[in-house]
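Should a chain be cited, it is by its letter among A, B, C and D, assigned in written order, with residues numbered from 1 in that chain.
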Amino acid sequence: MSMLRLDQILMAAAVAAMIVFAMVSTSEESLNLISLILIWGLLAIGFDLIFGMAGMLSFGHAAMFGAGGYALALLAPQFGFLPSLLVAAVAGAALAFLLSVFALRVSGLFFSLLTLSLAQLVYILASTKLRAFTGGLDGIPGVLRPALFGVDFYNNRNYFYFLVVVFVIGVAIMALLRISPFGSALKAVQANDVRAEQIGYNVQRLRQCAFMISGAYAGVSGALLASLMFYVSPQMLHWSTSGDVLIMTLLGGKGTLLGPVLGVAVFEVLKEELSQFTEHWYGVLGIVFILCTIFLPNGIAGLFAVLGRGRKGASK
Amino acid sequence: MSTIVIGLSLSFLLFLLAAGLTLIFGMLGVINFAHGALYMLGAYVCYQIVHWTGSFWIGLAFAPLVVAALGAAMEVVTLRPVYNRDHIYQLLLTFGFILVIEESVRLIWGLDYKQVPTPDLFSQPIALFGSQIPSYRLFIIGFGALVSVLLFLLLDRSKLGMVIRAASSDSEMAQTLGVDVAKVRTAVFALGSGLAALGGVVAAPLVPIELGMGFSVIIDCFVVVIIGGLGNIKGAIFAALLLGMARAAGFTYAPEWVELITFVLLIVTLMTRPSGLFSRKGRAA
Amino acid sequence: MHRRTFLLSSAGAALSAFAPATGVLAADEPADFHIAGILAFSGAYGIIGKDMRQGVELAIADRGGKVLGKPIRVSWEDDETKPQPAVQKATRLLAGGAQMMFGAVGSASTLALQGLADQRKIPLLVTISADDKITRPNGSRYTFRTSNTLGMEIRMCIEFAKVKGLKKIYGVTADYQATRDGWELFAAEAKKAGIAIVGNDYAPLGNRDYSVIVDKMAKSDADGIAVIVTGNDAVTFLKQSGQVGLNKSKTQFGPVLQDETLAAAVGPAAVGVYSGVRYHFTVDNPANKKFVEAYRAKYNEWPSSFAGEAYDGISWWLDVVESTKSWDRETWVDAFAKSTRENSLEGKKVMRGCDHQAAQVGLWGVVTEGQAPLPPLTMKITDVFDASKLFDVCS
Amino acid sequence: MSAGNVSLQCENIQVAFGGLKAVAGVSRSFQSGRIYGLIGPNGAGKTTLMNALSGHATLAAGQVILNGRDITKLSVHARTRAGLGRSFQITKIFSGMTVLENLKLAAFAHRYRVQPFWMPAGRFAEIRQDAEKVLAQIGLERLAHAPAENLSHGDQRALEVGLALLSDPSVLLLDEPLAGVGHERLEQALELIRRIVAGRTVLLIEHNMDVVMQISDEIVVMVQGQLLGSGTPAEIRANPAVRAAYLGNDE
């Protein structure tokens, strides 16, 4: 469909530069930060499939994110890391399916509010009623790292390489999905869902599939985060997590493949660096959000688009 | 019987909390996540006024005005340039507001707890239906009822209310009819912020005044607004009553399940009548 | 690749059977003694973080800012009362070469740091989180707690109920694992002591309205109200029970219900409420007197229990480190596990080898109106329960 | 033109909004290869009937049979697959995409029940051919790469017909296809409709009397939710009942 535009190349270069920087830099601090960016980047890419491509604002991604984390925490000891990572993806997709069965009965604003309430219901269940499995509010400590080919993944650098591999695979799959007929169908649904239905697309099933793929991405990234931190807790399920991924995607630029990843990078770096300069990093971050919203209509990707003098931003 | 009176106080407190959000959410279509932060700000400003004047009532009168003015300023500076864009960008702005408001409260009042005593007039319990009912609860019922009637009259019966509803349902049309839509929006946002602060002042004697108090209120407000129907003051009153009574019953028989009751109620509403149980419109498209 | 055995419940100990994570243990002398201070400076427990930091900084100043001949450097990080930022920032500081971790405030964050401490073999000193899971028999080798446990404070409630002669208790408990276990322990011990349990309600954590529960309590024939909730929930409950004057007819008490900070938040309704006290500036011993004067001189306020416990814990730890004359962390851990603190701010504290919990006396007090220069609402210590009554014997 | 076999059969179709019966029992069959003009005063229920046929309005009673198959219960996209295409009164096309991309979407939707996700969309040659074939039919080759939303109103209407054509419908419902088409483009638009019939059944709603008389093989008149009568354009023009009920107050 559209040949690789200059801004997409520039964004890919920026992400690649970030990864290379982590490889060469000796400071574990940036290694840890960029590992975090890759994990949240996967979540944001998955989130943008339905938000940027299909035009569905979900406020429930924390539920799938947490589900993946808990799946890995509970299953890795018995079944090993990779099978559990797979189960985390399936868990994310299954929960996404469950959410979509309810949420797709309504559309627009009510879809967002319904996903918010369903995810918050999962949060309350995980922190109280399902306490026997989830360890309640204290969560589950001691989540495992992968154990493959005899490599010690408790070494953060090795684990970082593992994350890079998973991240690149995730981006590749999403890149293919976006330019595949499935991706164009989603764009059609966002552009005009009545016409999409009329030309023969099963719009509800398309949305459900997109939501499940997005849920799988959230599940995987949730598992990877739990493994990075050796810990999973209901806080991952809390609606503020859904809010964070939304902010990152908007900052980065919705509807672009790598925009959300750049949004994640800026968000995390700001949060990390600001807290070292000023005790009032919280307020400064708020001001940055406000300024970005007003002056960066298409997010950071919009900047790249201007830079690359490609078409102004991907889609309005 | 006393549970019903307490249920009523729960309901009206919920209504006071949510009234501002119904207004801003319904009339401006802005999902105002900063509503909780404005509620907190109201409590802190009330603490400051009580600290200076020693009177809860002066706090009750002036704190909402102060926060309403701040709300208006925030709206003019940040929201106005973003109205014509997708709703999602207004939502992102309100996230920014939360962080800014919380940080400024931390700067001005610091981290330690603040305390607003129950006003002396209502500090003693009253024997009612065979148990001791805190008179402050009766004040909440009375005051909440008064505010709901005033709001209802303002929005559904007054000329200003008609202008507000016109501006919100079709701003272009209202503009052509000579309504200064921008001013109306600022006024609505200010009124919404003032109401949020009012909720904060009324709740101040009941809960600890600390930075996190706003965060816990947001979900409850959304529940009332959604069940009641966007921008539907009457709906918000009924939704608050429904939720308040459900919680009172929940606390009586199964306190552990109270939080779940709230969400099951919300999800059932969103699936059956997304535009609210009490709204005139049928199912949203 | 040998299979890693791993039990979910005692996650800490079983993690030892794999290659050491970060390079060979540095035996040579680092430039400074770097402490990773992970506390809550924002969120629900923001106020506690500030006081604990002040306590630690005073303790370091008192010893001339040095241990083992090197300057002590503390990096303070805000965990926003959430586990993820706690682990994220701790990982960064450990990567930067921190020798030990100090914190956190909320139990969830502390448990999260515990996993990291065991995995990276870095000592973690806990001086406030009370969840019993933190110091379990043969639990985490690298975690030590010098402050109260919730279990000990529950036992103080029983001792108090006996001393006070309460016959019927109605309880309210936060729907959170640690407090639920606390209630079960209380109910079991009460039955043994012949005290009747009239009822108990589990209220959601962060509940904002206790009026229905308070109404049930007021109508019950209970003479004692056990309030097993923490932090903000305690303030909310007492403010709302105050509006009904529950304190006039019944005795309200709880394991960690009130202190100067929370009483200031509750206001007049706090007077007459009984609570376990983790530390108090009126405890009469020379070490405490010296500390209170130094604290008031430096910060111009009375030291809260958070500041006192932090000062006491870090001083004890640094003294033990000094006595080992070594930079090997394993030596510190072994030495501290066997150490006794004769002159702690609350008298004698003995570190128990089996679960790394400091056995100590239990302070119990009531909220009273204080005359200047005391704070307007202050705790008056009414009982000091001996450690033997509060801790089960463990090998 | 092969005429004779029935492609679309309506059996006592009723659609009600609350108490009001917008369509009160329409029964009629339509044959393939013919253009039917559906006329009637405003509010007669023409668009509601079309919505009932295309699945956008739920039936209170009655049946819709397409090529002998009962499609009353089918969803909109299932009816499209069954061979029923339509255009809308208010143009609905995919903005933010070019004309060719619009058509390729319709081609994908027609050819694949499960949208392929393993290959870039550009690699599907047969899809490009389908799209270009219809592009030529609707005469928009020179605008192939123009953004759809920038097209003139007439071209957008043509694109909409193209989108319907790509599902190779046996029955094509056109809701005022010539609305807003300028006088000079009228002939070209009529020519387009005649060209695309090719064995299909076309049912179109049109208010412009001489246009509908000119294009239709048969005129169906609808008043107050019911069929008043039908016949060749000449018969309808002469029929007194139709004239009184409808043509009398022709604007």
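Heads up, the rule we're going with is that a residue touches a chain if its C-beta (ideal position, glycine included) is under 8 Å from a C-beta of that chain, and two chains touch if they have at least 3 such contacts.
These numbers come from a predicted model, not from an experiment.
**Q** Farthest from subunit C by Cα centre, which chain is it? Let me know.
**A** Chain D.
**Q** Distance from the CA centroid of subunit B to that of subunit D, rounded to the nearest Å?
**A** The computed centroid separation for subunit B versus subunit D comes out at 50 Å.
**Q** For subunit B and subunit C, let me know how many angstrom lie between their CA-based centres, rounded off.
**A** Here the centre of subunit C sits 36 Å away from the centre of subunit B.
**Q** Centre to centre, by mean C-alpha position, how many angstrom separate subunit A and subunit B?
**A** 32
**Q** Nearest whole angstrom, what separates the Cα centre of subunit C from the Cα centre of subunit D?
**A** 75
**Q** Give the residues of subunit B that touch two or more other chains, as numbers and ranges in rising order.
**A** 102, 106, 256, 259
**Q** Specify, in ascending order, the residues of subunit A that touch 2 or more different other chains.
**A** Residues 128, 282 of subunit A touch two or more partner chains.
**Q** Looking at the whole structure, which two-chain pairs count as touching?
**A** The set of touching chain pairs is A-B, A-C, A-D, B-C.
**Q** Please output the residues of subunit B touching subunit A within their complex, sorted ascending.
**A** For subunit B paired with subunit A, touching residues are 31, 33, 78, 81-82, 85, 87-89, 91-93, 95-100, 102-104, 106-107, 219, 222-223, 226, 256, 259-260, 263-264, 266-267, 270-271, 274-275, 284-285.
**Q** For the complex, which residues does subunit A have touching subunit B?
**A** Touching subunit B: residues 57, 102, 105-110, 112-114, 116-118, 120-121, 124-125, 128-129, 239, 243, 246-247, 250, 280, 282-290, 293-294, 297 of subunit A.
**Q** Spell out the residues on subunit D that touch subunit A in their complex, using ranges where they run on.
**A** Listed in rising order, the residues of subunit D that touch subunit A are 54, 75-77, 80-81, 85-86, 88, 92-97, 101, 104-106, 108-110, 112, 115-122, 124, 127, 163-164, 166-167.
**Q** Applying the document's contact rule, which stretches of subunit C touch subunit B when the two form their complex?
**A** 41-44, 46-47, 50, 81, 175, 201-204, 206-209, 211-213, 215-216, 218-219, 232, 235-236, 239-240, 242-245, 261-262, 264-268
**Q** Report the residues of subunit C in contact with subunit A in the complex, numbered from low to high.
**A** So the residues of subunit C in touch with subunit A come to 1, 4, 6, 8, 11-12, 15, 18-19, 21-22, 41-42, 77-78, 82-84, 87-88, 91-92, 95-96, 107-108, 111-112, 114-116, 118-119, 131, 133, 175-178, 204-205.
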